[in-house]
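Just below sit the structures, each encoded as structure tokens.
Two complexes follow with subunit A in common, the first pairing it with subunit B and the second with subunit C.
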Partner chain A sequence: MKNGRWITQTESSTCLSEALAIWVRDLRSEFRTRYAVNAILMFAVTTLIAVSFSIGSFRIAETEKPFLNGVLLWVILVFSALSGLSRSFVKEEEAGTMDVLKLSARPQAVFLGKLFFNLTLLGALELIIVPAFIIMMGYEIELPGCFTAMVVSAGLGLGAGTTIVAAMIAQASARGALFSALSFPLLLPLMIVAIKGCERAAVGTDAAGWPEVRIAVAYIVIMIIMSLFLFPLIWEE
Partner chain B sequence: MNKGYALKVEGICKHYSQTLLLDDVSFSVKQGDVLAVTGWNGSGKSTLMRIIAGLVRPSAGRVLMFAGEEVIPKEMRRRFLGMVAPALSLYDELTGVENMEFFCKVRGVPYHRSDSLALMEQVGLGGHEKKRCRDYSSGMKQRLKIVQALVHKPPLLLLDEPGSNLDSKGIKIVENVVAEQREMGITIIASNEKREVDYADRIINLSE
Partner chain C sequence: MIYKILLAVWMTFIIVASFMFTEAASGFPGETSRILFFHVPQAWVATLCFLLSMIGSALYLAKRRLGSDDLAHSAAELGFLFCILATVTGSIFAKATWGSYWNWDPRETSIVILLMIYGAYFALRSAVPDPEKKRVFAAVYSILAFVTVPFLVFVVPRITTSLHPEDTMNPAKPGMDPRTLKVFLGSLFAYTTLFVWMLRLRMRLLYLEHLKDPIARMRRDGGIE
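Our next item is the complex of A and B:
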């Protein structure tokens, strides 16, 4: 081992570089195990197919379509996210790697790394499910830009909300039930805003400044800043 | 790295429910020291190591690490320590080299694949670089844990049962690591294994 201490240089890591290392590691692990991807996609695809076959685009009155399509889309997205996003922290607990991660990275970097990972999963979910939903449900959207901004911003909010809850429940028993129970009240305001925003985009009501998108962006900022302050308290014993 | 590191453990107590596990444990170690912590099973050796590492909060007392005259803040201490313990797991779905890559990058250590391969060769993991850790034997995992603890050249090395699952070659690696650490930092070994306790200059018995 004399030559074993081969690393002669060290550079100070930044919070972002640590977060990126965790994000890449999580992506690599997920690519091999596919625990979260399988859970999320199976739920999303199953519910989308069930909804499109049972309701489809013909059983909803034209006047109700903008609202009900928004509701159905966000029910699918939120509950799909709830089915798999807790894995980011739970798998560390189950694999016994929590301690080695605590020793390696600062808490804020862990939170950001896990947030990036969850956002990547959510982004992939939205890329698959949203276009499929639009096609299968005959979802007509008058303001595609507003709709896209709403889906992206509410997706980011959904990722931020579920990541901090996943951290809170990781060391508890009955994690699945706790995750849904704690996430739901936290995500409900965002869901309502997202449904309203999608309805507005579908109808084509061009309210100045897209208020729902702005509320979702405010939600993301508040959630991430609060999480960065709170996460060290959750992460350390 | 050569600031003259020291560690001071002051009046550490740890309760679990009604049980008092650690009762007023105090000691100091300085750069170059090797300290062994011994005691019966359940006497709190691993808990003390976890308290020093900052993974467990003590019920009373404090741990101070110094770089020269300066106290290293608790939240920064992880940068200055490496730990090997039975409870620490590595990432099973990654290969040995990928684990090393992760620990280098997350700790801000420049990563070079060729260096990693050379190091793996030195700890007897040559030829197993592309195997995922889940396929490693327990001894191979222990060797990788040792490498993981050393990638950032920590001045404080915490070794909890470092020889567990290791064969004679692996034990020799531990011996060399302790000898090398003696020149550049502090080593604390928690073990009841005579061979490992013999590496130490001082012994603290938690059962007394």
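Our next item is the complex of A and C:
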């Protein structure tokens, strides 16, 4: 929607402006229903409380904390993301708006718009869960800058790796279970890197150039480029 | 037909030779190093399958020929089989030499991820009702999965040190016993041939299944674009 009218593909609209329009439209519809954000956040908060309640900040030995807390944090974040990120495309399929969307914008613009939307959701998720996790688990971080860069880049990677999968499973049967099953193998390398990067940031061994962050950035770039190539194929089917 | 018999004779010959002709490598308990002749070719075929599946997928996306999808599908199925074989043999070897069946060695991690990718690939294929969509989605997923593999190869070994034997048993390095090398290369050839035979068999079966479907048949012959 743009000024209350449907956006249509015109000479003047660029790929980016279409993507932004889709992003804004998704944000608006999300604000009205709050379905995806509720699903993801409730999942994350529930898991965080369960983990924090059963382990707490004193059960883990001080030497093990940097690594084990990194593992727990990323298990919570990845599985929360997997619980709700498929909404971006599934809701189009359920509302029957897939065809209109196909007519209104270029495939790459649709992909980018949905990617921006998923990244917004992930940003909100991390903004709430990461500080809460640090407080509830007593996670002490020596290098906050490196930690923040790791969390942000791995969050972007989560969005980059799952958006195209969401587009596929929206058109399949057994959506919920399939989304996790398909996304997890693609995300596992990223998850391992993120855990390692958070451990490094927590311990405070500052390797030159933050290698884990760089690997995550490479993952993001490759996944987005491949998705931009492959998305039109699955979108126009 | 004659190739099948030749392959059977060659396989038998390799199995006998791997126990009778070669010496067990030093540095490994008992006869465990003989796993080299079976485990490594299996892992090689599993890797080859992954590559072939990706190539078949890319070809399918480019040209939309059913044969390319059949290649991708059959290579994935056989890759899954050989992955399981390599995992099981490797796990037995791990118990004999490292003391546990499973300890998340980098090699074990990457093969588990490969198994998961194959599992997801089959799950996706079975979950999309429309056959045309199914092939496109499977091809897209196969390419996406292939793209993440470099991260596994470069990233996972950084995380922990591997106990996987490389130096003493890697044929590319000097120092391998010449007899061992001969049998190893023979076994590699035997396993690859076995794989090619199985792949052709599976692809022929898929082709026959397409014949039952008249639309797919016309598309295959170039009747529908």
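Miscellaneous remarks
Quick note on the criterion: the second predicted complex is superposed on the first by the 226 of 237 C-alpha atoms of A that agree within 3 Å, B and C clash if a C-alpha of one lies under 4 Å from a C-alpha of the other, contacts with A are read in each partner's own complex, and residues count from 1 in each chain.
What we mean here is this: a contact is a pair of C-beta atoms (placed from the backbone, for glycine too) under 8 Å apart; a residue touches a chain by one contact, two chains touch by 3 or more.
Just so you know, these numbers come straight off a predicted model, no measurement behind them.
Looking at the shared chain after the overlay, A:K102 reaches subunit B, while subunit C stays out of its contact range. Of the two partner chains placed by superposition, A:V151 touches none, neither subunit B nor subunit C. Within the superposed three-chain model, A:S17 lies in touch with subunit B and out of touch with subunit C [touch as defined at top]. In the superposition on chain A, A:V130 contacts neither subunit B nor subunit C.
Of the two partner chains, subunit B is the only one touched by A:R25; subunit C is not. Of the two partner chains placed by superposition, only subunit B is touched by A:T33; subunit C is not.
The intersection of subunit A residues touching subunit B with those touching subunit C, taken from the two complexes, comprises 237.
Of all the residues in subunit A, the ones that touch subunit B in their complex are 1-7, 9-14, 17-18, 20-22, 24-25, 28-29, 32-33, 95-97, 99-100, 102-106, 109, 232, 236-237. Per the touch definition, subunit C reaches subunit A in the complex via residues 61, 109, 113, 116-117, 119-120, 123-124, 127-130, 132-133, 136-137, 140-141, 143-145, 147-148, 151-152, 154-156, 158-159.
On the side of subunit B, the complex with subunit A involves touching residues 50, 53-57, 75, 78, 81, 83, 85, 87-94, 98, 102-110, 115, 118-119, 122-123, 132, 147-148, 150-153, 173, 176-177, 180. Per the touch definition, subunit A reaches subunit C in the complex via residues 161, 164-165, 168-169, 171-174, 178, 181-182, 184-186, 188-190, 192-193, 196, 211, 215, 218-219, 222-223, 226-227, 230, 233-234, 237.
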